[in-house]
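In the two assemblies presented below, chain A is common to both, partnered first by chain B and then by chain C.
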Partner chain A sequence: MDVRAQMSMVFHLDKCIGCHTCSIACKNIWTDRKGTDYMWWNNVETKPGTGYPTAWEDQDKYHGGWECEDGNLRLRSTSKTQTVFNIFHNPHQPSMDDYYEPWTYDYQHLFNAPEGPDQPTAVPISMVTGDLIQIKAGPNWDDDLGGSPVYAENDPNLAQLNPDQRAQMFAVERLMFFYLPRICNHCLNPGCVAACPSGALHKRGEDGIVLVDQKRCRGWRACIAACPYKKMYYNWQTGKSEKCILCFPRLETGQAPACFHSCVGRIRYLGVVLYDAERIREVAGLPQDELIEAQRSLILDPHDPAIARAAQQNGIHDAVVESARNSPTYRFVKDWKIALPLHAEHRTLPMLFYVPPMAPVMAQKNGSAVENVSDDLFHDIDEARAPIEYMAAMFGAGHAGKVRYALRKQKAVRWYRRALTVGDVNMATAERMLREADCSPAEAEAIYKLTSLCTFEERFVIPPMHREQAIEMLADPMAHKQGVGFGFIEGPRRGL
Partner chain B sequence: MNNTYFNALFFIGLPYVSLFTFFLVTIVRYRTRGFTYSSLSSQFLENRQHFWALMPFHYGILTVLTVHIAAFLVPRQVVWWNSVPARLWIMEIGMLAAGLLTLAGLVAAMVRRRRNHKIAVVTSPADWVVLALLLLQVLSGIGVAMMHPWGSSWFAIAVTPYLWSVATLNPSMAVVAVMPWMVKLHIINAFLVIGFFPFTRLVHILVAPNPYLWRRPQVVRWYRRPAAARG
Partner chain C sequence: MNIKRRLHRIGPVFPIAIILAAASMALQAQDAVDFFRENCTSCHTIGGGRLTGPDLKNVTQRKDRAWLVQFLQSPQAMIDKGDGYALKLKQEARDVVMPTINGMSLARAELLLSMIETESKLPKSQFVGLQISDRPFTEQDVELGKALFMGHKKLANGGPPCVTCHTFNGAEGFGGGRLGPDLSKAYERLQGRKAMGAWLYAPATPTMNPTFKKAALKADEEILPLLALFESTARAGGEDDRTGMAGFFAAGFVVAVLCLGLFAVIWKARFRGVRDTLVELSARKVLGGRS
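Let's turn to the complex of A and B:
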């Protein structure tokens, strides 16, 4: 056993209101520089939809992630030999057209326009070239099902549905959508790292954050194709790749990442988990229907004294093990099993988990009155407005079982709380539902609390990162004093 | 112009200035502005013409360059290969084809940089210097191949000793001094490329990845663990 610590996240999709505050917080801190203008390390997309970059889930187009044949785990986009031949031109690299051309508006014109009969306007100009452009798409063009026939209906996850289900899903009275906020998953078996020819991409041993060493990156850009989530971005100005850094400078000073901190729906949870690094390769190569369960089994129980000892022997600080015991991620993923990885079938072992959203509350129309649903609620999960297969394509590696389990439990918790506080549903029914959903009343209480009444400290359990023991101790802290200050020791200037 | 003076300037002076600049500046640049060592790929901004420019160019130039280096390092083996006429033909035609491939890719790259506005935004003056020098180099190379055939043999016999004399700090330009002007142009321009090399994007050649080919897929960096326990 090789115990390691990993910062791991949960997004509770039922709570996301699609406000994009997270994206803006991230953008303002990290990607407002030239060359990163088109990047959204955090983005929020509407599902069903094609997302950003367009149709990123379509791996026939983007070739991201791993595939496993006869126990052989290999990247879809490249191999060592292919790297030699394709380094000059990567056949699977998306281009700016797959994202969008970033633009601003010529605001100066509003002030400088000569006097005339018409109001002056601020025309859109490209942030790359400065030329006038016709805006054709943006990073969030299909928000709230805007342009469904072009976007929502081309959602790659719909491939798993039969034509009837598809037609139903887009029938006006059954229309539903939800939001999918996405950041880098800081995977345990990251495709981006494995593809990087320079060895610039790496996983930090202490907390599992995946980073690009900007100095080592040479712009071979193999990572961009290799990430199945398209969370690697190419900075066209500096000629280097960039990605979400999970706000590690904030984490190291005890603050939640900016997108977590600013989340209006309070959907985000963050905590450290312990896992067994020795089993990564084995788990990543398992048959698809075992992946989710196996990935869960990688995460170790921090309450187990044997595990705590093994962690200690591996150099993990006691404070980190203690923090893992309070980790909200551990509770959602391991205790309650209601948070699932997104597209686990790409075998990168993503460490961001999603609590799948409940379809809109179901009701029947009887004449002009809207009636409550029947007592037989479990059928309703399967007959929800969004077919369970659609959810399974995203959160179940194609298998509905795990998603059904998570949704049933959430539903049971709701009915249980409703019986308790409103009292208009039968407690006996609620308790039966809990039993059938593999959930005790105490667990239901805990899920309810962490979902609805959670405080800042409960949502973000950040272990002390012990920077005092970290690399800076080996380097001279005064070396760059009166030089360039924080951050880059050398300005990120583009080469000649 | 005095001929000996001219020859000394370009076949002894220039090589040393170029080589000195090459070594000094690449090292200093690597150590002080290592961030700028990048391929500066522009594929993200334009994906289609990119293929037709960058692929033929690199496949061509790497073939040509490899054979040049072989003729420099193992001249005997190259001459031995050429001792059978059929093999000599293969060599000559293959090299000419690679040269033409390079030329096609290079011209395509220049057109792409000129025509596409997004690419123009990420094109520096140094890029144009590189492209112009390489164009001259490839054109003069093809010129040599057409006007003075069997270069793969006489290079190994005549130019290699000259290059070695430069490398061993005992320059003797007797052989190159009497070469035809096209060959002289090719040699002089080669040293110009080497001299400009460290100021341009060509430094990407020096950081071409190789540990990748034998490393494990996943890379983990530890900040706190002692070196012995790293994994």
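Let's turn to the complex of A and C:
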């Protein structure tokens, strides 16, 4: 066993209101520089929709992630030989049009415009060329099903539905959508790291955050094609790739990442989990329907003294193990099993988990009254406006079982709380639902608390980062003792 | 006693000094010989008769040393000054003026003259010039010359074939290089067999000299056939006026277009933008449905 620690996230999609506050918080801190203006390390997509960059889930086009043949894992986008041939031109990357051409407005025109018959307007100018442009797309162009015939209907996840289901999803009275906020998944088996010809990408030893070394990056862009989530971005100003850094400078000072901190719907949870790095290769090569369960099994129980000991032997500080015991991620993913990885079929073992959203059920009309309550308790999970196959394409690696389980448990908790507080449903029914959903009343209480009444400290359990220990994995801190202080990272430029 | 002791003390110094002096003189003499071979032999012989420039045998007796040293260092200046003898030389050389030789210092000029003086006294100087046979050129010579020119037959000392930089009227394919002059009429320009042969033996231009300094052409095996070739082309008249380059570029253009077309076919399914296609397809669907 090779126990390691990973900062792992849960996004509770049932709570997301699609306000984009997270995106703005991130943009203001990290990507408002020239060259990064088109990047959204955090973005919020409307589903069904093609997202950002357009149709990023369509790996027939973008060739992201891993594929597995006879237990052999290989990247879809490249290989050691192919890297040589594609070193100067990496195909299968989103074009600027697929991201969108970033723009600002010529605000001065509002003041300088010559007098005319109409109000002056601030015309859009490209932030890349500085020319006047006609805006054709933006990072959330299909927000709230905007432009549905183009975007929502081309959602790659709809491919698994039959034509009837597809037609029904877009029938006016059945219309539904939900929001999918996305950041880098900080995968356990990251495609980007594997694809980099320069070895510029690495997974931080102490917390598993995937980072780009800006000095070693040569801008080959192999990572951009290899990431199935298209969360690698090329900075056209510096000629280097950049990505979400999970705000590690904030984490190191005990603060939640900006997008987590600013989340209005409080949908985001962050905590450290312990996992077994030795089994990553084995798990990533399993058949698709076993992937989700196997990934879950990678995450180790921090309450187990044997695992705590193994962690300690591997240089993980006791405080980190203690933090893992309070991790909300562990509870959502392992204890309750209601948080699922997004597109696990790409075998990168993403460490961002989503609690799938409860789509509204179809209402029934009895005479003039609209009836929302069905006696067939769980059946209406399958009767929800979003077909379960659609959810399964995103959160179940194509298999509905895990998604159904998560939705049923959520529904049971709702009914249980409704029986308790509103009282319009029978407690006996609610308890039967809990039993059938593999949930005890105590667990239901815990889920309810962490979902609805969670405090800041419960949502973000950030371990002390112990940088002073982490650095020992890469360098000897005493190497420059009795030299120039504790040494310079770069030589001083002064005097001679 | 005293003297003997002193001699004893300085004993080894004397012979060493003598050896060093002799060695340096020998070195200087060798330098003059090399310098003459590289820079002078294309126009001059010593006792081999006139080429472009006069035979230098006994030149030191024809004119005084001071004048010669001055002339060697700057021939053009002497002519510009209106020196009578210099003008006469120019007339004899059919208006070809001796170039100012790079590295012709005062000391070197003196050394050269001493060397010429010594060589003149020999019954046969090493600089009598190129001794190629006087036999008339044959068809085989011309053919061999062509093969040598075009590089089909390698030059024995490893020099680059003429075609690299030169062309002539009748060269194969797209003709030769255009870097150097067209050699169709070189046989006339360089005044015939003997002078051109000497020129080929020790080319004196800034590009030819360094190239052939260490890869001299062989007299009968290489220079003779080449001369035969140039003699025949000069007799035929005309220069290489083919539009070889235009044809070459036209062919290159066609091949490039064909290659691009081939690439377009091979990588027909290559990845192009996603969003544009989506918008276009949807628009087609909507418009198609309406009409």
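Heads up, the rule we're going with is that the second predicted complex is superposed on the first by the 464 of 496 C-alpha atoms of A that agree within 3 Å, B and C clash if a C-alpha of one lies under 4 Å from a C-alpha of the other, contacts with A are read in each partner's own complex, and residues count from 1 in each chain.
Simple rule for what comes next: contacts are C-beta pairs under 8 Å (C-beta built on N, C-alpha and C of every residue); 3 or more make two chains touch, one makes a residue touch a chain.
Keep in mind it's a predicted model, so treat the numbers as computed, not measured.
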Open item on the list: Just checking: does A:Q237 make contact with chain B only, chain C only, both, or neither of them? Give me first, second, both or neither.
Closed with: first
Open item on the list: Output check: A:S95 vs chain B and chain C. Expected answer is one of first, second, both, neither. What do you get?
Closed with: both
- [ ] Quick one: classify A:P249 as touching chain B (first), chain C (second), both or neither.
- [x] neither
TODO: Considering only the touch criterion stated at the top, classify A:P120 as touching first (chain B), second (chain C), both, or neither.
DONE: neither
- [ ] Tell me which partner A:G138 touches in the superposition: chain B (first), chain C (second), both or neither.
- [x] neither
TODO: Mind working out whether A:V193 is in touch with chain B, chain C, both or neither, as first, second, both or neither?
DONE: first
- [ ] Give one of first, second, both or neither to describe whether A:H202 is in contact with chain B, with chain C, with both, or with none.
- [x] first
Task: Touched partner set for A:D58, first chain B, second chain C, both or neither - done: second
- [ ] Look at the residues of chain A and decide whether chain B or chain C touches more of them.
- [x] B
- [ ] Identify the overlap between the chain B-contacting and the chain C-contacting residues of chain A.
- [x] 91, 93-95, 97
Open item on the list: Which stretch or stretches of chain A touch chain C in the complex?
Closed with: 50, 53-55, 58, 61-62, 91-95, 97-98, 137, 149-151, 153-154
Task: Residue numbers on chain B that touch chain A, as the complex places them - done: 32-47, 50-51, 54-55, 57-59, 117-118, 120-122, 124, 126-127, 199-201, 203-204, 207-209, 211-213, 215, 217-225, 229-231
Task: For the chain A and chain B complex, residues of the former touching the latter - done: 2, 80, 83-84, 87-91, 93-97, 128-129, 131, 189-190, 193-194, 196-199, 201-206, 214-215, 217-221, 234, 236-240, 280, 315, 466, 469-471, 488, 490-496
Open item on the list: Could you list, by residue number, the parts of chain C that touch chain A in their complex?
Closed with: 270-276, 278-279, 282, 285-286
